[in-house]
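What follows is a pair of complexes built around chain A, which joins chain B in one and chain C in the other.
Moving on to the complex of A and B:
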């Protein structure tokens, strides 16, 4: 049996009486790219910070490659790369000095790796951190997280601040590293990013994991986006039943996401006079809204 | 136990402030020690004798100080030098810890394969090196100004070495206090305010404790009391200070380690 990359059981973190996360449980298999999605304040960053031992859990436990995240944080850190949402560094260092410092902290010689990654991201290593734009600081962060060739990469909103071309380069590198065996925990609220790279996704809401889905299964689960253009207004309450989400009505236009027995919908639509009808597969974003209603 | 990379980085990050504060201390020594001969000429002793005891004792002065260059330098110049240096020591130690929370470099530093204890001890070691540098330069300036310019025959280098050593130990103790408190504070501005407040508090506690019998207990809360620069000026090693000040430093660092290991680094 292969070692789980991440195993989180009933993890909870309270700040006084305020709940950060509550009974979060999930498992990331070695070698997978695991998405972690949820709106701001859902508990993604709190979970990640607990995995990295920046926060002490109130209860529950978490392990990375079988090692306890708090008690063995130092040992775990050698195998983990981390890219935070906001990248703050020592402003008076150059990018190269900072990356060299990072490599020294891991006790690795990463000169070639730094040059290789800097070339891919078109990053000027001679510039001072204070003179770098937000996007370029993020590039430094990406290189810092990858330079020691970690077994697990934890990314918290990694694409924010990156232009589309750099995002693509980054995603290509992720896929390449994943093929070599690197596990990735990819936290984001940008579902299109998650959709591009992840195999599975945990959905967080108000400090809890409410579902874990295969990306492909999530799409195949039978969610339908229905848009109706009517000749006359629909009867009130016609679409008030289980399985309807994100319901919107304006004049003679109705749209909603449906999950359930399609015959039920067809039966209701048959009662209406239509100008036009669209039934299509919703985007992941639209499915995602369904969970947060 | 230590990370050389962190030690060098801390030295690098703090070199500017170290040079500025060392220069300030050197300038204080040059101006005040250098003016000793003029004070003799200006009959300062008579002037001080005319002041109320309460005033002179509160400011750490006595008429005898102005008649002996060693007592004057160790007991008065270094008293104010210690006030400045101890404030700097607390600002430096405090900012070394709280800077990471303030600037957001926590996620950079504390997610690397190092224990929090190693990180703090490395910062403590770089603090120690900087304090040694500061006091070595202070001693060098005192020795040169005192021996070459002010009083070639009377300026006693071993007495001054003892006084500067007590200054160094007092600054280490002040740093220890800052290392103990800093994990509770997430802003450099906060540690700076505490450093300035505590620096003056130590000075005032020592003065008030010396002035009023009822407030005698206050001076035992002051590192300036244990540094006992006046005692050092007379050539007697302040044994209590030699024990208490390093203990305060060690205890402060130990408390700092415990606090830092318990700390939650929130956003």
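Moving on to the complex of A and C:
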């Protein structure tokens, strides 16, 4: 049996009486790219910070490569790279000094790796951190999280602040490292990013994991975005049944997302006089809304 | 060692500035004061009679007229500066990680929180020792210029190294305060306020005879007059200092190891 990269069981974190996460459970297999999606405040960052022992859980437990996240945090940290949402570093250091310090902290000689990654991201290593733009600080963060070739990379909103070209470079590097065996936990609310790289995704809502799905299944499982252009108004209540989400009607235009038995929806549509019909695969964002009704 | 080396690099500037400043101040001023006091008539000495510093130090006029008394008088001002430096150093050691939001960076590396904390303490200890040693060398030079060999070297050395204790006590208090209130924006201001409040409490207790309050003012743990009189530190205050520093650091260590880091939104 292969060792789970991450195993979270009934993890809860309360800030006083305020709930951060409540009974979060999920498992990340070694070698997969696991998505973590949910709106702001869903508990993604709280879960990640608990995995990294920056927060102590109120109850439940979490392990990384079989080691307890709190008790064995120091041992775990050597195998983990972490990119926070916002990257803050010692402002008086140059990018190179910061990265060398990071390498020293991991006890690795990463000069070649730093140069290689800096070239890929077109980052000037001689600049002081205080003089770097938000995007360039993020690049420093990405390099810092990858330079010791971690077995697990934890990314919290990694693409924010990066221009599309750099985002693509980053995603290419992720896929390349993943092929070499690196596991990735990819937290984002930019669902198209998750869609591009992840194998599976956990969906968080109000501090709980409400579903875990394969990305392909999530998109192929019968979620359809339907837009109807009618010649005469539809009968009221025709589309009021389970599986319909994001229903909108304006004059003779109807649109909704459907999840369920397709024959049922075809049967309903057959009762209408149509001018035009569009049935397409909804984006992950739209599927996401379906969960958050 | 990596974190310790980094912290020492950060402290390099302040250590150099403090060492040079204290060296120059004591080497330039001490011989002048010793010469002035030695040749002063009774009227001049009586002018010192109302000086609150003397009252705070518990130094009498006959003591201040001696080279060691003069040195002790000047060192008391250095105590104040060192208290501010110690408190500021301890506070900043913690608050900088929160204010710069770098706690995430350092605490997600393969070094336990305990190791991070101990590295920071060692950096503070090294800094205070370097400054203390510089002050001792400066004092030795200043005394040699001003008093020749006409003084007790051991007493001078003890008075000089008192600043290490003062810095350490205030640094430990600074670390503790920083861990409880990690978002202090102006550590130097807080450090100055604490150093002065502690000084005022000490002076007040001395003047009013409230000996219990003296324990709240670490300056009085190393009263130069007492060192000159007995030839050594007061054992109870040395023990209290060690207890205070170890206690504050022990509590801080435990809180730091278990504290949630809520810095990045």
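Heads up, the rule we're going with is that the second predicted complex is superposed on the first by the 293 of 293 C-alpha atoms of A that agree within 3 Å, B and C clash if a C-alpha of one lies under 4 Å from a C-alpha of the other, contacts with A are read in each partner's own complex, and residues count from 1 in each chain.
The rule is short, and it goes like this: contacts are C-beta pairs under 8 Å (C-beta built on N, C-alpha and C of every residue); 3 or more make two chains touch, one makes a residue touch a chain.
Because the structure is a prediction, the values reported are computed rather than measured.
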Chain C versus chain B on the shared chain A, clash or fit after superposition: clash
First, second, both or neither for A:112, with chain B first and chain C second: neither
Touched partner set for A:232, first chain B, second chain C, both or neither: neither
Chain B versus chain C as contact partner of A:240, first or second or both or neither: neither
Chain B versus chain C as contact partner of A:49, first or second or both or neither: both
Contacts of A:217 with chain B and chain C, given as first, second, both or neither: neither
Contact residues common to both interfaces of chain A (with chain B and with chain C): 15, 45, 49, 52-56, 73-75, 77-78, 80, 82, 84, 86, 88-91, 101-102, 104-107, 144
Complex contacts: residues of chain B adjacent to chain A: 3, 5-6, 9, 13, 103-108, 110-115, 262, 264-267
Chain C to chain A touching residues, read off their complex: 2-3, 6, 100-112, 115, 258, 260-265
Touching residues on chain A, where the partner in the complex is chain B: 15, 45, 49, 52-56, 73-75, 77-78, 80, 82, 84, 86, 88-92, 101-102, 104-107, 144
Residues of chain A defined as touching chain C within the complex: 15, 45, 49, 52-56, 73-75, 77-78, 80, 82, 84-86, 88-91, 101-102, 104-107, 144
